[in-house]
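Order as written gives the chain letters A, B, C, D, E, F, G and H; numbering starts at 1 within each chain.
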Amino acid sequence: MEKLMMKGSEAIAEAAVRAGCRLFFGYPITPQNEIPEYMSRRLFEVGGQFVQAESEVAASNMIYGAAAVGARVMTSSSSPGISLKQEGLSYCAGSELPVVVVNIMRGGPGLGGIQPSQSDYWQSTKPGHGDWHPLVLAPSTIQEAADLVMDAFDLADEYRNPVMILGYGLIGQMMEPVAFREYQPREFDKSWTTCGCKGRPPNIVNSLYLDPNILEEHNHAIFQKYERMKREEVRFETFRMDDARFCLAAYGTVARICKTAIAQLRDEGIKVGLIRPITLFPFPEAVFREARVRWILDIEMSMGQMIEDVRLAVRGRTPVHFYGRVGGVVPTPDEIVRKVREMYKEGVK
Amino acid sequence: MEKLMMKGSEAIAEAAVRAGCRLFFGYPITPQNEIPEYMSRRLFEVGGQFVQAESEVAASNMIYGAAAVGARVMTSSSSPGISLKQEGLSYCAGSELPVVVVNIMRGGPGLGGIQPSQSDYWQSTKPGHGDWHPLVLAPSTIQEAADLVMDAFDLADEYRNPVMILGYGLIGQMMEPVAFREYQPREFDKSWTTCGCKGRPPNIVNSLYLDPNILEEHNHAIFQKYERMKREEVRFETFRMDDARFCLAAYGTVARICKTAIAQLRDEGIKVGLIRPITLFPFPEAVFREARVRWILDIEMSMGQMIEDVRLAVRGRTPVHFYGRVGGVVPTPDEIVRKVREMYKEGVK
Amino acid sequence: MQYEVVFAGFGGQGVMLIGQLLANAAMMQGKEACWMPSYGPEMRGGTANCTVVVSDEPIGSPVVPAPGAAVVMNRPSMDKFEPMLKPGGLLVVNSSLIDRKASRTDIDVIYVDANHLAEHTIKSPRSANMVALGAYIGRTNAATPEIVKEAMAKKMTNKARFLPANKAALDLGISVSREQE
Amino acid sequence: MQYEVVFAGFGGQGVMLIGQLLANAAMMQGKEACWMPSYGPEMRGGTANCTVVVSDEPIGSPVVPAPGAAVVMNRPSMDKFEPMLKPGGLLVVNSSLIDRKASRTDIDVIYVDANHLAEHTIKSPRSANMVALGAYIGRTNAATPEIVKEAMAKKMTNKARFLPANKAALDLGISVSREQE
Amino acid sequence: MTSSTGGSMPEKQPFKQVFGYPRGLTERPTHYCPGCMHGVAHRLVAETLDELGIRERTVGISPVGCAVLAYNYFNCDMVEASHGRAPAVATGIKRARPDLYCFTYQGDGDLASIGMAEIIHAANRGESFTVIFYNNAIYGMTGGQMAPTTLVGMRTTTSPGGRDPLQKGAGYPICMAELLNTLEGPFYIARQSLLSSREIIRAKRCVKKAFQLQPRGFTFVELVGTCPTNWGMAPIESRRWASENMLPQFPVGVFRDREKEGDA
Amino acid sequence: MTSSTGGSMPEKQPFKQVFGYPRGLTERPTHYCPGCMHGVAHRLVAETLDELGIRERTVGISPVGCAVLAYNYFNCDMVEASHGRAPAVATGIKRARPDLYCFTYQGDGDLASIGMAEIIHAANRGESFTVIFYNNAIYGMTGGQMAPTTLVGMRTTTSPGGRDPLQKGAGYPICMAELLNTLEGPFYIARQSLLSSREIIRAKRCVKKAFQLQPRGFTFVELVGTCPTNWGMAPIESRRWASENMLPQFPVGVFRDREKEGDA
Amino acid sequence: MNNWIRVDRDRCKGCELCLESCPEQIIELSSVMNIKGYHFAVQKDADRCTACRLCAISCPEVAISVFRVLKKRQRAS
Amino acid sequence: MNNWIRVDRDRCKGCELCLESCPEQIIELSSVMNIKGYHFAVQKDADRCTACRLCAISCPEVAISVFRVLKKRQRAS
């Protein structure tokens, strides 16, 4: 496979096209403008369609429509725009539509800033109104981003549920070598789509259930899918955990920063490893729970969001500490080293 | 104080007016239409203003404007509409504006239904993009709703942060006797508002900070307010917890249903009590952590959302079980009794 | 003591109103009271109903899966609520519009020809609901007739001219239910 | 071995491009490579910069608070990045536009009169960036000159006519840096 | 179309059914209030699907509003959209499947209030779907709040003293057909009323035209209807009231027909 | 306004400063690209605040767009609004404090794309604030994507082959002044350009008028400007290009003046 | 003439729009109720029915079917 | 005449709009750069300046002030 040096945003876009995505609806917002821009060039070349939506709200409903007629469709945005998509995405989940959403997060709250941040963890994994979750994938390299985007379309179709790719400027703006694997198209049942009722009774794509008992059943059916995701789709990476006495928890590129720190800490004889969740929902609970470590240090570019899932996973058995940078400040390997060293000296706090 | 038999929605609206709210911006949605309807009559009587906004998005930005010039202002909606307000509310938090938001939840996801639900717990307590929280108040009676609404305006001003009243059809549509307490106006610093810069340098209401270091500081400043809330504003009710060996956890009217169940269970000799969080953020962690019970049964009208906060509070020391109804189905005292009885028989699972 | 009663009927039959009157009366009598409507599209065209709980203590659940009483103004309401009643509960049946008899034997039933009585005896066809309410309070102690009338006067200020008829209807309902005791 | 280098300058000086060339070349040489730009309004009018990491192993942190090298094309960039360099690091200074000398003594410094050389020696004023890149790769082994030229040919297909000048500029930069060794 | 069975007719004579239930509707009774003209508007669409033979190639979009359950009534594939966003959903559908027919069915709150940006931009892009816009000057579903099309002075639950643009800043009725007609994008724009059989016949012609022209671009038919329930009127009264009060504000007509203009 | 200090002037003669820095602007240098006319538009507003003596009673609203940092430049109280919602924020402000003056400053992406519903409804309600609408036919801030006002055929980063309404369904340029002029609500609507000193002088008159009339209702001034950076042109070239290409699509003029109409 | 209409009595909601629409004024409401509790439309004087369909066109419930008796030449076609 | 303009050299971004706007064509860009790296506007021939202000009106940076030498009758006022 030929390697190309590509920006994360463009690799994401190209991977989508290779996975059969022929429709993109989105609205500009830094730091992910390269995705719509790339799509506006690329999709017409491959017989697809690109629409610059009038807003994120509109975009989230355009993907709803396209998915309802069975198309592979994607939208992308960044934090404030993702807030605006919450209603539309909840409709996608309620109507069980396969859509792929890219969130290249930035600092908040409000207009915030445009530098890297992970403070959409909550609104990504436990989003808007109603009980629902997207399947959330958090790449840490451009190569992984491209691979996960391809998987995302299959997972969306497999579960008829929104799938979110969660990145931020470090992923979206960065260039790294990427090799696109040959995408193997799979067959999915699309008999439920609303493409004209020739030869069958009409199909309905809908999330309204006025009878509470039926809506309750519907919720349970959706959650059965989530249970299956928890069994079958959990992904994570462990790094030097074999002999680790301490564990860092981080996702996305922050995990790479941790690896650099770990290399240094290991040199100092501090046996620290890393667990990097790749799926944020379903969250890799078991690996955290089973990690035999003295403590876990959760490192995020937020005020502490994923840490709740880590704590829920370990159920109080392992102390979970926090180190966060926020507002677009990216933690350096050095400060992580310092933090771990400090904790190491103090012993288990 | 004279008691009036009032619908929850109307009591909420009237309490707001009595607390000095003179501006309301909202958009119709069942089951909270009585709030805008009441306000459209009432506010012009007291020299205020009512605008039926063109959408929830617009409404969430109208309150932003009104709060920026120092007005007491409120909006209300229900779940899908609250999703649409997420961006605007994040701006309010980022710009540190005191606004009061009423969310009369309904079943989801998507259009869902209009019957009672608690499945906006997550998007209420851990909302949209960026690291922020509203202070969330969950009344269980109409009287309490009225009282909390009055407090809400003071808390919003005290912390310059959004405050949310979280109810659902059972609160919004129900009538109960309510006596409005004499509201005692307090003085708040409003020197930061943008009401014309006569005699001082211009004020700016803003949430944009392009320098990550400054945005980080800003985030820390906001979180210092949350730390203070955690120290000073936590509210909860305990019911028959003195001698309880088992504990139910529930908020809103669900807690009342639990009380009915507890009465019956106590008759059977099962020593069960109840902890009812009144502030959902800040969450009453200590009372859960300190409860010396064999297990906690968390009961929600959702697939299980608050339960995570309960679990985080007890840190694995107490098993936390779940019983949920969803989609608008309201649990009955009987089914709670049955569930508890079952667990009691089985012993601690 | 706690009373739970469902008032149910067609949209225009005024069942919500009599529920509110009862709740108001109970409150004026110093009791705890709670009125809970069904709402939403199910109301449109179909049946409307509300549940009233009256109690000496703070009311726990406002949702009552098995109420102690039901006042049913039309057939669909009877079909829906008769089976839900608590054993020993009370069913007030508007026999003007409901042609069948109660099928349960473990409940008390009052048949009241509410529409007919309102139209012919009271000469106020729209006060059938008050006849039915009377039948209910004639049998229970959820609220005294006097205080219900006071509640009427307070709540229906813009319909004051119907007050005498409504009071008469209430009394008529009470006497009907007492007759059937 | 891991190389970390920041390329920094005014918006139009082509620092992003030379960073990308280096990253591409490293990739073509079978190494791991990562290019990370600064982005956003700070770029507008002000300085632009990017960081390139080249390594034999998978790259950890793409963010490099203390890079091993910096190529600074203007004064503000020098002011910003000189202090951040790792001790023993390399600073390539575009002396055409930067009138001061490095103030640190614990680093290697190459002064290259990039704009002047590009304009007068290469006769291609816009290839000052390539001279600077040459100076960097002349001193380090982040990528071989041949492969950087290959990367140029590949990446700048729509500017093929500038290729000879750019290659010459690269070579010139290499020789300047070797001279200063 | 002769048939030998029928109602209880006195003598057996040869006859023909000249009006019947369209195939384009399912047999489900509607939840609409007595006399509400959503049912009429539905039928016009359904008949059009039948007459053009496109029922099996059509996907309809129900709004959030009283017509939310339209997905139960139209006998074609249906998608339920979020409030106001049906034009965005339709855009997604038609961009993915230009070979299908697609229509949105929207109320005035849905289309002209929360959905204003979506309708304008879809129209401006000239998306090739048909919009059936039921204008009853009120929010029916939620219990009679003011809509963007509510007449000045009209009482609603959120304009209890009557819509008052001057004292209360409640705005003026927005004329969507005219507004969209300022855009370059639309292909066909018409407004008709449903207030008598004759008007319904005219409306039908426009609805059919809109579907016929759909492959060529964005087509829009506003239908002036009623909401007896929230207007607090009997159906017949509401029909009369609308004729007298709504039609002067919302005059009927064909505002744009690019086919006639020979423009395309 | 004579002053005895000045630049390095050859002889000391009595003189007068006939153009200077307005009090309505802070002294902060802007972040705008060279030749970008956001700065001109800012100055017109600032001068107006000075001339009407309302600077200390005014609250301005910056948009999301290149003018987001306008809160640093205007020397009055400022509020930063979310993307497209400045008219809603202004509604909140003016309903709370009708005694203040309030203006929004918005770009074409902000006002005509994501904020379409908000501007139309605020205009329709006749909210009494002033909108300064900077139309540069592109998304400046985010790097040159297509805007609703982008001309047909114009290349942007999301219309790389030129805006194409027919083949790609990218829509037509939306003329906001004309669109708003179909509504009953607005009090004053004008469009001017900033493409030469003379045009700027005319534009100034309209901006001032809009503030003067603000207490009577919704006033709107569209200003045709440039974005040299994302158009990929030198400032002077961009000014010429805009004259030749934008003005035919966006003709200048006063579209509504209810004062003149004697309508209020 | 001997045309007639058929009203689907359980679909009818008694809105009376057909009554008003009939040029012959030959539709009235039944005195009895249908299962939904509505008085439904009935054609009282079929003899005068012109099969003009105006009643059916007005009916929001699509509750009316219209039948036309064929004249001789129509039968042929 | 002896009017003149003053250019705030560090505000100027060298956009040249004032150059084009000046009817007298008496503004040019400096050869040196200001602190932001721009060649800034300078008035090359103040003698011909009419103080018409057109340069200043065109300047997006509000970098230009215009000064008019007063004629006798103006001084009086």
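Everything that follows uses one rule, which is that a contact is a pair of C-beta atoms (placed from the backbone, for glycine too) under 8 Å apart; a residue touches a chain by one contact, two chains touch by 3 or more.
Owing to the predicted nature of the structure, the values given are computational and were not obtained by experimental measurement.
Enquirer: Hey, what chains does chain F share as contacts with chain G?
Expert: Looking at chain G and chain F together, the chains touching each of them are E.
Enquirer: Tell me which of A-F and E-G has more C-beta pairs in contact.
Expert: E-G
Enquirer: Counting only Cα atoms for the centres, state how far chain D is from chain E in Å.
Expert: About 64 Å separates the centre of chain D from that of chain E.
Enquirer: With chain centres defined as C-alpha means, what is the inter-centre distance between chain B and chain C in Å?
Expert: Once rounded, the distance between the two centres reads 34 Å.
Enquirer: Report, in whole Å, the distance between the mean C-alpha point of chain C and the mean C-alpha point of chain H.
Expert: Those two chain centres are 87 Å apart.
Enquirer: Counting in whole Å, what is the centre-to-centre distance of chain G and chain H, each centre being its mean C-alpha position?
Expert: Chain centroid spacing, chain G to chain H, equals 85 Å.
Enquirer: On chain B, where are the residues touching two or more other chains?
Expert: 30, 49, 51, 54-55, 57, 80, 87, 91, 95, 110-111, 113-115, 206-208, 210
Enquirer: Multi-chain contacts only, two chains or more: what residues does chain D have there?
Expert: As it turns out, chain D has residues touching two or more other chains at 40-41, 45.
Enquirer: Among the residues of chain H, which are close enough to touch at least two other chains?
Expert: If we look for residues of chain H contacting two or more partner chains, we find 13.
Enquirer: Could you please specify the touching residues of chain A with respect to chain D in the complex?
Expert: 3, 5, 30-31, 114-115, 141, 169-170, 173-177, 253, 256-261, 263, 330, 332-334
Enquirer: Report the residues of chain C in contact with chain B in the complex, numbered from low to high.
Expert: Against chain B, the touching part of chain C is residues 20, 23-24, 27, 32-37, 39-41, 58-63, 65-66.
Enquirer: In the complex, go through chain F and note every residue touching chain H.
Expert: Residues in contact with chain H: 2, 6-7, 9-11, 13-22, 25, 29-30, 32-40, 43, 196-198, 200-201, 228, 234-236, 239.
Enquirer: Under the touch definition given earlier, write down the residues of chain B that touch chain E in their complex.
Expert: Residues of chain B touching chain E: 27-30, 33, 36-37, 40-41, 44, 49-52, 54-56, 80, 110-111.
Enquirer: So in the complex, which bits of chain A are touching chain B?
Expert: 57, 79-80, 82-84, 86-87, 90-95, 105, 107-115, 117, 119-120, 122-123, 126-132, 206-220, 222-223, 302-303, 305, 308, 311-312, 314-317, 325-329
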